[in-house]
Every structure is written in structure tokens, then in C-alpha cells.
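One chain, chain A, links the two complexes that follow: it is found with chain B in the first and with chain C in the second.
So, the complex of A and B:
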């Protein structure tokens, strides 16, 4: 729709637009009129483009913009918005009839979710049933056990191993494909049997939550807290996704408006948000020990806020501002949820699968070159420093590449009675803060660039061990027995 | 009592000397003007080598004149809804009626606005320093509005263009009805048929008038 902008009689916005259009010589991807209107509204991107394209007339153009601004009391953006609003109002008056509104059930429910007193219990319920029960226990437990334990371990892996033995004559290449850390036996299995179901279940819950319109309500509940750590309520979306898969959530930080927020979110996701795979391990290790679980949750929560607060103080840039539409609560439609989940899983898989395959190549190289033995030895010292038996170093290194292996390592240690309650808490804290997996590391590098991505990872490596050291020191000194 | 012309000269001097921070103003053209002479005789201004400066007394008077003028502008735009291009003219006449005491009432009525509709600062009066004395206000910050009371947005005052653009994007524009639904932990309000959640900073850009 085209409309004429009015303004004072002696000088209209239209006049300025016409003058600028005459001065624009180059051709643009949008109409000259739009370029002129954007220039009048101080759009920086378009100003730079015009500056480059109109070297002859740029001074005259700027003169017109200045002249136009001088004729208006408010910024031109504001003037234009007012005129558009008037136009809209005229159309609506003619075309729309509005029924008298009443506060209905939906609105009551909406207020309950936004009031902190009722909203926080509702949030806990959503987390418990949606994330813990459905994604955690059913998706990451039952379904993964079936896919991984039965389909892959019993049928697919033996088949591929046999096939490779016939077709590929070189042992080293065979190792790469179907060895203990092979591209098929580890990379593909990990991606298809472990990550895919967890993420699919997570996306189902996420799509349902999203379609009910709950997320903006969560965002408004949490905005104040997030402001303290340099984020706005908007960041709640990647943070919630982080409980599913931190790698995917890091990808979603693209939706945050400033670079500063994206960096803070990436750090927090890598550091203090346990992904569903980590949660699985931690629940299994601490499940029978509520006191230890509480201490773990408290420490990780504190670290989340503390590191967020520090980075927001250190990183330069403006405070984020928060504004979000709160749509009415709606009943999600099943077909929408399915379509969305499917599209997301597909998109996620295309982005993630190569990373997992790459990870198995890295492990293959690491084992082949004995680099891993070297690194396990290197890790022994810090592992002992945080009060764990030296054997745990293998669990940490392999856990980085292969979560189930790392977990299994800790399970075994635990089963043999090598870990006491304090050591369990310490190892869980270290495991949570530690980079979740190599895919996350690669994603950090991909999204934030080499320098920042590597910097974040090195920081986390030292920080996670330091925190574990301090926790171990304090708990041991206090003589806590868990 | 100063004449209208004299007050306007003082206002112009306030703009040049205080707001633009010029050391002094050249008035060689106006040297023999009666008004300047009278202002000088009344000890409002000091003239040396065709350069004019405000005395302390003049400064105080100029500040009050500017305050009255800009308050008048706010009154016309926010309450009386006079079109912008008429505002200056009308305010020029009206400001001279707003003498001591009256300007305070208008200021209180408007909720101690910080800027005129053209974005220039309104000098603070005694009433602004002591906001507790405020009786029932007509124009107030959105954050001061009672929950679920119907109001109309009177104007926007953003610290920067980016914030203004966000509020415009929401559609919280002057003369639109607004109802505050919640204040904590974030501000939730209804504009038209939609609800929005914003933080305190953005909510403080919106001024409303009770219906």
C-alpha cells in the first residue's frame, strides 16, 4: 500500500523524499522511495550503502535529510509512525467491528503464568513433566536404550563390522570406519541412536511449549534475573534449548540481537547448562543421593549467575533491552507440532551430523597417534588435584568425545566403590562445567570464530577444574559426608 | 515586571549562553535597542564591548522564562492536543501568563516533564525537586499507572533512537489506549488487541494520560 506522508504545510516528508529520489543515481535492491524514507529515518545500514554508491551527491542528500529533520519536532521515524498509525486507524474504523472484551478463562490462565507467585510453580511443573519425565526418562532413557542397545549394538554394528572385514583390507582404514571409535560404529550411532531421539523428543516438547505461547511468558518472568547477567529475557529460548543440546542451543544464539549477548550466552551454555546427555549421567550418579544432588544444583546455579555477572561486567557494549509480544495462550495443534519438529530435527541433523563424523575422525587420529594416552596422563594430575582417583582422567577425556563412555567410566569407578559422596559431587560439578562434547566445541568455533571459540573453551577447561578443586577443598575441610 | 519582548530576549540568551555554552553573545546590531538597555538597567544582563552576558539575576529569570515556555508547549501538545506547527506560536503567547506559582501547577499537572516536545530540556523548578508533594497527576509515567486502569499514551520520551524504534515497533504510539496488566517482574501492558512485555527502561519511555 502506498500512502502520502503529510507533515507541516510548508515542508512535507514527501517533498524531502522527492528531493532525495532525484539525487539517488545508483540502483538499489529496493525502490528509491524506500531508500529515501530509510535515509530520513537515520538507518545506518542504508546510509553506508548510499555513501558508497553516491559519491557525487551524498553531500546534497545529507543536506536534504538535515533540512527535513529541522522541520520536525520529533525524529522522522516517530513522525512517520504517527502518520501510518492514523492511516491504519482510518482503515480499521471503516472495515473492522470490535466486540466488547471480557476477561475470559484464557486471560486468567495467562495472568497465572505471568504472576511470579503462581508462575514459578507452573514453570517447575512444565520442567518436571516436559523435560525430566518426557525427554529425560522416556526419550533419553527408554527410546535411546532400544535404538542404541538393540538396533545398533545387536544388528547394525555387527553387520557393518562384518561387511567391512570383507570389503576393506587395511586394518587402519577399517578402524576408521567400524572400529571402537569408527565413523559408522561411533559417529553415526551416536548421532542417530543417541542424539536424534533425545533431540526429537526435546523438540516435540519445545514445539508444544512454543505453540501454547508460554515462552514469552517465561521470558518476562526471567528478564530481571537475566539482565543481571548481561542477557535479556529473550535469551531464555537458547537457554531452555541448552537443556536439550547445548550445541544446538549455541546455534540458536543467532537469534540474540547483539554480539555481546551472543558471547555471554555461548559461554553460559558451554559452562553451566547441562545438556540432556550430561543430565542423564548426573541423574544416574546422584539420583540416590538427594543431598549431593542439591549441592550440585546449588553450585552449578551459582556458577551460572556468577560467571554471567562477571562476563557482563567485563564485556563492553550496551545493556540489552527487553520487549516481546505476549500472544494469547493457545491450544497447540498436533499437525503444527509435527511439522515444526520434523523441520527442526532435519535442520539440526544436517548441521550436527558432520560434526559427529568429524569427532570420530579426531578420536581415530588421537588413538592412532597415541596422543590420547599422552593426554590421559596429562589429565591425571588435575584429576588428582580435585580429589578424584587418577583413573577418572580417562573418563573426562573420552567423555569429551563420547559421553556414554565417559559416563560408563564414572559408573565403573562408582560401582567399585572408588568414589565417595564428596567425590561424586566434585566429579559431577567438573563434568557439568567441562565442555559438554567436541561438537559443542566445534560449534563454538563455528559460531563465534576461532579466537573467541577457542578462548571460551580454554577458559572453561581451567575454570571447571578450579571450581571442582575449590568445591573438593571446602567439602573435605568441612568434613562433609554425603 | 518584564514585557513579553524582554522575556523572549532572555530566553534567546539562555539558549545561546547556557545551552550552547557560548561565552558571550555579540549584539553590535542591537546596541542601541531600548529593550537591551532596559534589561541592562534592571541588572539582568551585562554588556561589555558589544558582548552580552547574563547576570546571576538574569540567569535565574531566563531559566524561568524558558521553563514556562517549554512547559506551555508540553501542555499544548500533551493535554490540549494542538498540532505541532501551531505549538510554538501558541506557547509564545501563553508562557507569559504562567507566572510564579502557575508554572508549578502546570508542571505538577504534567508529571514534571523533562523535555519539551522538540526534545529540549525543561529547566527544573522547585516542584520537581520535591516530587512527593505531587497531588493527583494527569500525565504520568506508564510505570506509575495503577494496574488495569485504562489510559491513553500521551507521548514518548526515549533516551535514544533505538529505544524509540522498539516502542514504535510495538505500536505504543500517542493517542493509543493502554492498560497496564503487570509491573513485576516485567511490565506487561495491553495496547489495542495485543499484549507486550517490556523491561523497566522501555516502560519509562512511555507517558500516559488517565482516561
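So, the complex of A and C:
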């Protein structure tokens, strides 16, 4: 076999390699040359192996490594990568022919997605068509209306209520199962008829985006912005997922390498990324008022950057590093998208369903013990403080447990003309910043531990009301009429 | 090296040749692994890590092979835990053949790892996978020239459609007897 390939490397590296090879006495499964090159690149695992095997010469070896490194301004890894890429190019020139147009088109498209000037409009288009039109309007609108309004409200719920009336003799227990906030009539319905379709549609979009190779490009595009808020391009996936369901996205923060990044991501997800349910409510409330919508988006965007920047300054720890291989753009395959979507929906459902059932039980307890009435009263003051009618407090509390109820509450207030433009913006800002739902709260605690999870949630509670207060104050003072 | 000698005591491993499949993520390593091994597959965490490694058996005309599907690696200098495991498999398990699978469409991006594997004097075979898409995109690769330039066997495959697999098996069987 012709296995005597020696990579073309810079002379002073070559010299160091030769010296190290002479000093390596033991036999390794791989060539001494390769061992030497890895040592020069600070490979810790190899260094440990060599340290064990070469007790006599290890000091000399380390010296050679140190001298060689002093030779270069760049890391040796970089120098080697450059040399190798040159070698590869030579081989490719001889053995590979590529028809020009295809590669140019692909390459051009790829660059467009990563260049901020064109990349951000492309991102907005993807968000508009993928999230707003497909997931929001079609998934969360049309499909959910059918599943919830028709299947559950007309057929399933009446059936379960009737069945329970026959089987369960105690009223309190019946309430738990099929009451207004029952495990079946609320928890299961919410999970199956509302969350399941939204998340399924979201995952379809996500899988398509992923399959095309757009995600790593997006990561490159916003890496610099994210670095300023203590995250890196890697956080793109949890953040994008957050637009679908913040609870699920919080679970995905596990993929972030440091605890610091995970905490920052959790805060931002809970605070400033509206999940699809929140988005639905907000679009319904602000849909007819573009100016109000713009103000809302501006405020939430600013808060996202500001809080991220602040937490990254406060939290100790190293700044993240990020490097990502950008795979080629390609047409997504349908079977791939279906398989991935199915696997994800299944995973999501298994993780989330128990949280929704648990939430139903909490609500049942809250209503039963009159704790809710108490809390609604407690919330009236802060709600009035941010310039909203006291009736909105009920919408906020219940919205925390049951998004649609909170929405309906605000929607009703709006319909009855109780909210003016400024109040609409204020309530939407508060609603966005507020924890999206109890499942999110439970997930924060589950992923970040009791102390951090609870801390984040309490912070968000106060922060969202404070911001709403300030927004109300400024808009009213400026005499803005929306 | 003194570590990892325990494997030798297993009688199986005396006669069985080992094949490690390496390469970037998403180039079709696992599909190739499945095509080669069929049903006898064990998936387990690599010792001391959370990274899953699949192992399977293949029989070619009376010779048994253990095939190892390694986690994705971009470079012989590892950054992630996956890459570390992939390299550890190469170092500790001393495979008789290392099949480097690449996406034929992006040969330029992937050939650097081939060079590094060769530099380490590992017994490399290069598999150009996803050839169908490469052709569709107007990429044509002269296998003879590539083999000559690299000095290792080069095989074209479309592992999802089973194309080129017979040729690959033939080359595995004759590996070590010249190109």
C-alpha cells in the first residue's frame, strides 16, 4: 500500500515534527508524525498518552512544542489547516470537474443568507411565511379552531361530561376531571387540540428549515449579535424553537455548552420570546393596528437585547466561543421532514403532556381553595398601576394557566371598548414579557433547579409589570394616541 | 500502549477483522453501516462517555468483520466529545480498515480529513457517497486519478440505494493486496 503520505507543511513545523519524532520512543497505533502534529496542536488527550509512554523525553518534547509555537502568530492548527486545504485544492483540480453554474447559484444563495444586509430580510421572510402564515394563521388558527371548536367542544367534551356524570358521583372529583378546568376538558384538550397541532406545524417548518441547511447560516448571521448578549450562534436553535413553544425550547437549552449560556437563554425565552400561543393572542389584539404592533415589537426587541446584555454582564463566567461547519444548502427531502417531525412531536408530547395535566390539577386546587379569587384581587392593584382596567387582572392570572382564557378575557375587554390603543400595547407588552404559561414555569424549575427557576420567574413577574408601567407612563405622557 | 488490552482476551476478536466507518456528520455513515451489517447491531454508550456507538457484524465469503459506526468527526484534532470518541475508537480499537465516508458533492471540504487519516498511517479507504446528487449537480470525479493522487482505494456509492456496495465489499475483501 502506498501509505507514505506526508502532508506538505511549513518548514519550521516540519523541523519540530522531525525532532519530536526522534524523541518518541514508544510505538503508537498511529504514525509518530501524526502524534507529533497533534502535540504541536495542544491535543490534551494525546499529550496525556505521550506523557505516560515517554517519561524520559517528555520534557524535551514539551520544549520543542513550545519553541515551535513561539514561531507563529496564528495557532499551529490554523497553519496546518491552510496547508492541507492547499493540498486538497491541488488534488481536486486534478480529479474533479464541476459545472460552474450550479455551484455559483448555490454559493451565491448561501452568501446571501449570511450577509447581514440580505440575510436579515431573508430571515424576516422566513419568519413571516414560516411562522406567521403557516404556523400562526393556518396551524394555530384554522386547524386549532377545527380541533378545539368542533372536535372537542362539540363531540368529545360533551361525551366525557356525560360519562362522568354517570360514573363519578362526587361533584368535586367531577370538577377535577371534566369541570371548567378539568384534567380532561382543559388539560387534555389544551394539550391535544391546541398545543399538539401548533407544535406539529412548527416542527414541520423547523424540519424543513433544518433540512435545507439554513440553520447554521442563521447561526452565523446572528452570532455577533448573540455574542453581545452572552450567547453564541449555537443558541439559535433554542431561540427559534422558542417561537413555537418556550417550554420545549427551554428543554433544548441543554444543548448549550455552559451553565451561564443556559441561564441567559432560559431568561430570554421566558421573558422576551413570544411563543406561538402568545403570538396568536397578540396578533389578534394588535392585528388591526399596525402602529401599535410596531411599538410592541420594538419594545420587546429592545428588552431582549437589553436584558441579554445586562445578564451577560452580571453573570460570571467565560464568554462563549463558537465555530460551526456550514453544510451545503440543499433541497429538503419530504420523507426526512416527515420522520423528523414525527419523532420530535412524539418526544415533545411525552415530555409536555404531564405538565399540562399537572397544571389542570393546580387550577382545580386554586379555584377550590378560593386562592384564585384572592390572587385576582391581589393583581388588581398592579394591573391598575400599569393603566389597565382592574378586570384585566383575571385575564392575566388565568392567562398564565390557560392562554386562550387570558386571550379571551383581553379580547372581550377590547371588544367592549374598554381598552384604548395605548392600553392594548401595554397589555400586550406585559403579556409577552410575562411567563408564557405554568408549563414554562415548571420547566424552568425542572431544568434550572428550584432556586434559579423560581428566581427567574419572580424576576420576570416584577420586570414585566415594571416595563408595562414605564411604557404606559411614557406613552400617556407623550400623549400618544394609537 | 498498555491500555485497552482486555479486548484481546475475547476469543471472537482474535479472528475478526475490525472496520471503522468515519467521516463528517450527515454523509451517510449510518446508512452505509446498516447496509453492510444488516441486523446484528449493538448500540451502546462508548465507555465513560454519553456518546452512542453502534457495532455490527458482517460476513464476506467466510471472513467475519466487526463494523463500528463512529460518531461524526470533522478533523483528526477533536473539539467535541463526539469527535473525541471517534478518534479514541481509531486509537484504541486498532481497526484493520478505516472507511472514510465523504459527501461527493463536497469533496473539497472533506478531503482534509482523509489526508489527516493517511498522515496517521491508518489503513484508509475513501468512499465517495451520495454520488447521485453529486452527478445531478454537475460534479464529476475521476476515480482513477483520485486513487493515484491519494494512494488509497476510492469507491463511489449511493448507500441509500445500495449502489456501489458490492464493489465496496470486494475492495474490503481484497484490502491489503494492493489497490
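Here, the second predicted complex is superposed on the first by the 378 of 482 C-alpha atoms of A that agree within 3 Å, B and C clash if a C-alpha of one lies under 4 Å from a C-alpha of the other, contacts with A are read in each partner's own complex, and residues count from 1 in each chain.
We take it that contacts are C-beta pairs under 8 Å (C-beta built on N, C-alpha and C of every residue); 3 or more make two chains touch, one makes a residue touch a chain.
Since this is a predicted model, take the numbers as computed values, not measurements.
> A:223 contacts which: chain B (first), chain C (second), both, neither?
A:223: touches chain B, not chain C.
> Who does A:233 touch here: chain B (first), chain C (second), both, or neither?
So A:233 only meets chain B here.
> Thinking of the overlay built on chain A, is A:115 touched by chain B (first), by chain C (second), by both, or by neither?
Only chain B; A:115 stays clear of chain C.
> Considering only the touch criterion stated at the top, classify A:167 as touching first (chain B), second (chain C), both, or neither.
So A:167 meets neither chain B nor chain C here.
> In the overlaid three-chain picture, which partner chain does A:33 touch, first (chain B) or second (chain C), both, or neither?
It touches chain C, and chain B stays clear.
> If we overlay the two complexes on their shared chain A, which of chain B and chain C does A:95 touch? Say first, second, both or neither.
A:95: touches chain C, not chain B.
> What is the contact status of A:105 with respect to chain B (first) and chain C (second): first, second, both, or neither?
In the superposition, A:105 contacts neither chain B nor chain C.
> Would you sort A:81 into first (chain B), second (chain C), both or neither based on which partner it touches?
A:81 sits against chain B and chain C alike.
> Which parts of chain A are touched by chain B and by chain C alike?
Dual-contact residues (chain A): 77, 81, 85, 323, 325, 327-328.
> Name, in rising order, each residue of chain A that touches chain B in their complex.
It is residues 8-9, 42, 72-75, 77-78, 81-82, 85, 110-111, 114-116, 216-217, 219-225, 227, 232-233, 319, 321-328 of chain A that touch chain B.
> Show me the residue ranges of chain C that touch chain A in the complex, using the header's touch definition.
Touch residues, chain C against chain A: 1, 24, 26, 74, 76-79, 84, 87-88, 90-92, 94, 103, 105-109, 111-112, 115-116, 118-123, 133, 137-143, 145-146, 149-152, 176, 178-179.
> Which positions of chain A touch chain C when the two form their complex?
1-7, 26, 28-31, 33-34, 37-38, 41, 43, 45, 49, 53, 77, 81, 84-85, 87-89, 91-92, 94-99, 101-103, 323, 325, 327-328, 330
> Quick check on the complex: what are the chain B residues that touch chain A?
Residues 84-85, 87, 117-119, 156, 161-171, 173-174, 176, 181-182, 184-186, 188, 194-199, 201-202 of chain B touch chain A in their complex.
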